[in-house]
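One structure follows; several queries about it will come next.
We call the chains A, B, C and D, going by the order they appear; numbering starts again at 1 in every chain.
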Amino acid sequence: MPSLDFQRVLDEINAEIRPQLGAGGSVASYIPALARVPPAQFGIALRTIDDQEACAGDALTPFSIQSISKLVTLSLARQRMGDGLWQRIGREPSGSPFNSLVQLETEQGKPRNPFINAGAIAVADRLLTLFGAAAKADVLAMMCTLAGEAVAFDSEVAASEAGSGYRNFALANFMKSFGKLDNAVEAVLDLYFHQCSIAMSCVQLARAAGYLCRDGVHPWAPDVSLLTERQTRRINSLMLTCGTYDAAGEFAFRIGLPCKSGVGGGIVAVVPDRLTLAVWSPALDATGNSLLGMKALELFVAKTGLSVF
Amino acid sequence: MPSLDFQRVLDEINAEIRPQLGAGGSVASYIPALARVPPAQFGIALRTIDDQEACAGDALTPFSIQSISKLVTLSLARQRMGDGLWQRIGREPSGSPFNSLVQLETEQGKPRNPFINAGAIAVADRLLTLFGAAAKADVLAMMCTLAGEAVAFDSEVAASEAGSGYRNFALANFMKSFGKLDNAVEAVLDLYFHQCSIAMSCVQLARAAGYLCRDGVHPWAPDVSLLTERQTRRINSLMLTCGTYDAAGEFAFRIGLPCKSGVGGGIVAVVPDRLTLAVWSPALDATGNSLLGMKALELFVAKTGLSVF
Amino acid sequence: MPSLDFQRVLDEINAEIRPQLGAGGSVASYIPALARVPPAQFGIALRTIDDQEACAGDALTPFSIQSISKLVTLSLARQRMGDGLWQRIGREPSGSPFNSLVQLETEQGKPRNPFINAGAIAVADRLLTLFGAAAKADVLAMMCTLAGEAVAFDSEVAASEAGSGYRNFALANFMKSFGKLDNAVEAVLDLYFHQCSIAMSCVQLARAAGYLCRDGVHPWAPDVSLLTERQTRRINSLMLTCGTYDAAGEFAFRIGLPCKSGVGGGIVAVVPDRLTLAVWSPALDATGNSLLGMKALELFVAKTGLSVF
Amino acid sequence: MPSLDFQRVLDEINAEIRPQLGAGGSVASYIPALARVPPAQFGIALRTIDDQEACAGDALTPFSIQSISKLVTLSLARQRMGDGLWQRIGREPSGSPFNSLVQLETEQGKPRNPFINAGAIAVADRLLTLFGAAAKADVLAMMCTLAGEAVAFDSEVAASEAGSGYRNFALANFMKSFGKLDNAVEAVLDLYFHQCSIAMSCVQLARAAGYLCRDGVHPWAPDVSLLTERQTRRINSLMLTCGTYDAAGEFAFRIGLPCKSGVGGGIVAVVPDRLTLAVWSPALDATGNSLLGMKALELFVAKTGLSVF
C-alpha cells in the first residue's frame, strides 16, 4: 500500500472547504447552548494505526460531541455485558428520523439500534444498572483514557438539554411504559445528557476513536484490548448502517466508511486497519449531519481512495 | 312517542347482566389503584329531560370516572374558548389505539380529537392557561354543580396514575417538543390525572351529563345554558365518532348512541332530547371499554328502540 | 313535530349556494371522464317518509354517483349474506385517506370498513361469489327498483376508470395477495368500476336511498322490507362514522347526519324516520367531498334543525 | 496478505453445513415453482481477482436467482443512465419488509432503494424505456457475458410468478398511480418476473459478480470496464446497507460483507479487491434469506478474517 502524505491531504481539504463556510446548513437550534455556536468553523484531524497524526483548520477547538458519545457508551456496555446487550436493543437501520417514536410503538419499546436516541437511552439505562451512581464518572473516565488527556462535561450544555429535551423525555417515558428501562427516567436522561455534553476537539476525537481501527486495541496501550476483533468489526458495521441518522445509506453510498455523527457538527470516521478521522463544522444539513463535514469526508475518500468497498 | 317504563327496563337489564358478572374481561391493570377494584359489580342509571330517574344494580357505588371526565373538560374549554380550541385539536376518529404516539408524530403534535389521551392532555393545557392555579378546583366545581352534589378527587388514584403513567408523560413531552403545550408538562399532567381520578356513581354521572340531552341547558337550572344547541350537538357527534377509543365504529354500529367510556369501567350515553344514561362494570374488553357496560347499552337500545339512527 | 316547508328550504339553499359556484374546489381529475364535467352546477332534492318531494337547482341532471353506489352494494350483500359479511370487512373509521394501502398491510388485507375503496372492492368480490356473471345486472336492477325508474351504467366512465384506476388495481391485488378476494382481480374491478359509473340525478338518488329513512322498507313498496330495522340503523351508523372518507368526523361535527359521498360530487344524507336528501356539485374539497354539497347540507341542518344529535 | 487455501476453506464449510440440511427454515412457498425445490441442498463457490476458483457441495446445480438479478439490472441501468437513475429511486435502507407498500405511500411512490421489490420494478421500468422490446434479451445477454457461458430464463418460474405475484402487481400499480412508472404495468412486470427466473449455479454466480470485486472491470475482459471504480463501490455499499431485505443490519453485523440474497436461497457476497462468493441453500429464515447460506458466510468470514470492517 503506497504511503500517503496525510498532512498535505488535510491541508488541501481545508483549503477547499473553508471558502464554503457560512454558505449553507444551519446550527442545531433545539438546544439553546448549541444554537449560539458560530457556524463558520471547520476542523479535521486523523491518527493512523502507526501513530502518525495530521490536522488542519480548527482542529484544536473543542465542541459538543453529542451523539458521537454513543460510540463510547456502546463500547463500554458491550465490553461489560457481552451479547446480553442485544436483548433490549436491535441492530437494524431504522429507516426513520433519529428521534422517531413510531418504531418504538410498533416494536414494543425495543429500539432499532444503539445509535438512534432511543437506543442510546437504553444503553445509558444498562450502564446505570452496571455502574450505579458512578456511571457518569465512569463514562467520562473512559473518554479521558481514550483521548489520552482530560476532557470534561459541559454542564451548561447538559442543563440546556435537560431543560429543552422534551422529545428525549418522551422517548424515555415511552420505553419505560413498555417496561424496557430499569432505572428512573430522570437518572437515565441525566447520564444521557451528560455524555452528549462532553466537549472535545477533532484531534482528541481522532485519537479517542483509535481502538476502532485497531481491532479493539487501546489507542495508547498496545497490550490492552478494549474489545475483541469481532466486537470491534461489529461496532464498525453498526456505524456504517446506522451511524448517521436517516442518512446512513447516503453516507455509505457517497463515503463508504463507518461514520458516527453528532448534532454539534462533529463526525468520526473509521478506515479499518488504517486510521481514524474526525471532522467538525457546526452547520447541519436537513438530516442533522454536518454539511461541510460530510463534504470533507467525500474529499478525503476521493483523494486517498480509502473506502471499505 | 309512547311512554316507557324505564325502571322496569333497567331492572330487566340488571337481571340479564348480573349472571354474567365475572365471566369475561379484566380490570384495568396499569394503574395499581384501579387494579384492586372487585370486578363483579354492575350499575345502571338514567335521567330523562323531564327529570324522571331510574336505576338498578350498583348504581350508587362511586367509581373512578377516568376518561369520562374528558366530556366535562372539553365542555368547559369549549364554553370559554369558542372555536379557538380547534386550532390545536382535531375532530377526526383516530383509527388507532387511544394512547398512540404515531399520529402525533405524523401530524406534528396535533391530537386527532379531544377524547384520545393526547387530545385530553391538550385540553387540560388550555384549561391551565385559562384558569391558572385554580384549574383543578374549577374542573371539580363544574362537576359538582352538574352532579347536583359534592364529588371529589380520589387522591390515591391520582397519585397512582402519576407514579405509573409513563405513556401519558411520553405523550405530553412529545406534544411539548412540537410546541403544542403552553404549560409545564408536570402541571398539565397533574390536572389531567386529577380530573381522571374523580369518583362518581352511575346516578351522579347520569345527572351530570344531563346538559348533553338538553341542548346545552344545565341539568338543574333550566334557565342556564352551559353550551349552545349547536355546540352541544357537536360534542354528541364527537362522542359518537371518537368517544370509545378504537371501538367507536363498533359502538355506533351496535348501539347507535353517543357514548363516552373510561377505563374505570363506566360509560355515559346520550339519547338527544330524551335522556342520559350511565352504566358501570369494571371488567374491560380488549378495546378498553367495559364489557358488560357495552352489553347493557345494547340491551337498552334493543328494549327501548332508542337510537339516533 | 312542526311541519316544514321543504320546497322553500331547498329554494333558499339553492339561492345561497348558486353565487358560490366556481369559487373553490376542483373537479376530480384522476378519471378523465369525470375531469370534463363543468364544475358550476348544483342540485338538491329530498323525499320524506310520507312521499313528499322537493328539489331545486340542477336536481334533474344525471351525474356519476361513484362511491354512493357503495351503499347499494353493501345493502345487497348484507341482505344476502347476513353477518358473515363482516368476517372480511371491518366496521371502524380508517383514520386515513380513502384509498390508503397502509392499514391493509398492518391488518393483513382486511379493509377497515365497507365504504373505503378497499372495503367496497371486498364487497364487490362477495357479490360476484353470490351472483356470478349476473352480478353487474343485479346491482343495476336493484338501483333501478330503488330509483323507481331506469338508470344505467355510463360505459365511458367505467372504461375511463378501468384505464386509469391504478390505485384500485393496487388495492385489489394487495388484498388478493393476502388471500382476501375469491374472484379474479379483473372481474372484481369490472363490477366495481361499473357500479361507480351509474349515472343518476339528485331526485333519483333521494328516492333510491329512501329505505334508509324507512327502517329498511322499500321506498316504493311499503310491504317489502329490504333490510331489517336493526340492519338499516347499522348502515346509517356506518355512513356517519365512515361515509365521507377521511372527513367523517368533520361531517358528523358540522352536519350530524349519516352521509355517503362520491367523487362525482354527489352526497346522500339520511334523517332517520323523516327523509332522505341528495345534493350535488362537482367541485371537491381536499378530502374528496363536494365542497358546496357539504355547505348545502350544513345550511339544511341549520334551517331545519334536523340532526341526529 | 497471507495466501489462503480457499478450496480447503470451502470444503470445511461444506462439511460443517451439510449435517444441518433440513433442520430449519422453509422453502419460499408463495411461488409454486419454487415451493417444489428440495430443501436439503447446499452449494458454495468463489472466484478471486486473480482468477482462482474453488467450490464445494451442490455448486454446479442451477437454481432460481430471483432478487440476485437486481444486481445486474441495477448495474445495467447505472451504466446507461448515470446519476439520472436516482431521481426515481432512493438509496436508504427501508427498515421494512422487502415488499412493503407503506413507505411507497408516505414517499409518493418513490422506492427507498433499488433492491427492495418496488425499487427493482422501477429499475425494470427504466430498462424498458432504454431498451424497448429488447430489454429482456439485453438483460439475459449481459448475464451470459458475465457468467462466461449461456444461462437462460426459466419460463415455468416466470409464469408461476406472473400467476401468483399479486403483491408485485400491487406495488407496480401503486407506483403507476403516482406517475412513477413510464411503461405499462404488465410489460414492466414481465421483464421483472423474467429477470428473477434466471437459473444459475453458485459457480456461475461467483463468476458473474466478479466485476464487483474488480472496481467495475469485466470478469473475463480485463480491458473492459462495465462501471467506474466509484460506481462499483457505490453498488457494493448499497448491497451492504440494503441487499438482504430487512436483515441488512444483521448481515452487516454478523458477516460484514456486501451481500445480495434471493428467495431462491442464493446469496452473492463481495470481498472488494479480493473475490466474489456465492452460496445457495433453498430453506429460508423468517427474513427471506437463506438460513444455511447465511451461516456459511459467517463461517467463511470467521475462517478467513475477510470482512470490510
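The working rule: a contact is a pair of C-beta atoms (placed from the backbone, for glycine too) under 8 Å apart; a residue touches a chain by one contact, two chains touch by 3 or more.
Here the structure is a predicted model, which is why all the values come from computation and not from measurement.
The most distant chain from chain D is B, comparing centres defined as mean Cα coordinates. Rotation angle for the C-alpha superposition of chain C on chain D: 180 degrees, rounded in steps of 5.
Work out the mean CA point of chain A and of chain B, and you get 47 Å between them.
Centroids of chain A and chain C (each the mean of its C-alpha atoms) stand 56 Å apart. Per-chain CA centroids place chain B at a distance of 32 Å from chain C.
Residue positions of chain B in touch with at least two other chains are not found.
Checking each pair of chains for touch leaves A-B, A-D, B-C, C-D. Listed in rising order, the residues of chain B touching chain A in the complex are 100-102, 104-106, 166-167, 169-174, 176-177, 185. Here chain A touches chain D in the complex through residues 90-96, 103, 112-113, 232-234, 236-238, 240-242, 246-250, 252-254, 256, 258, 272, 307-309, going by the rule given at the top.
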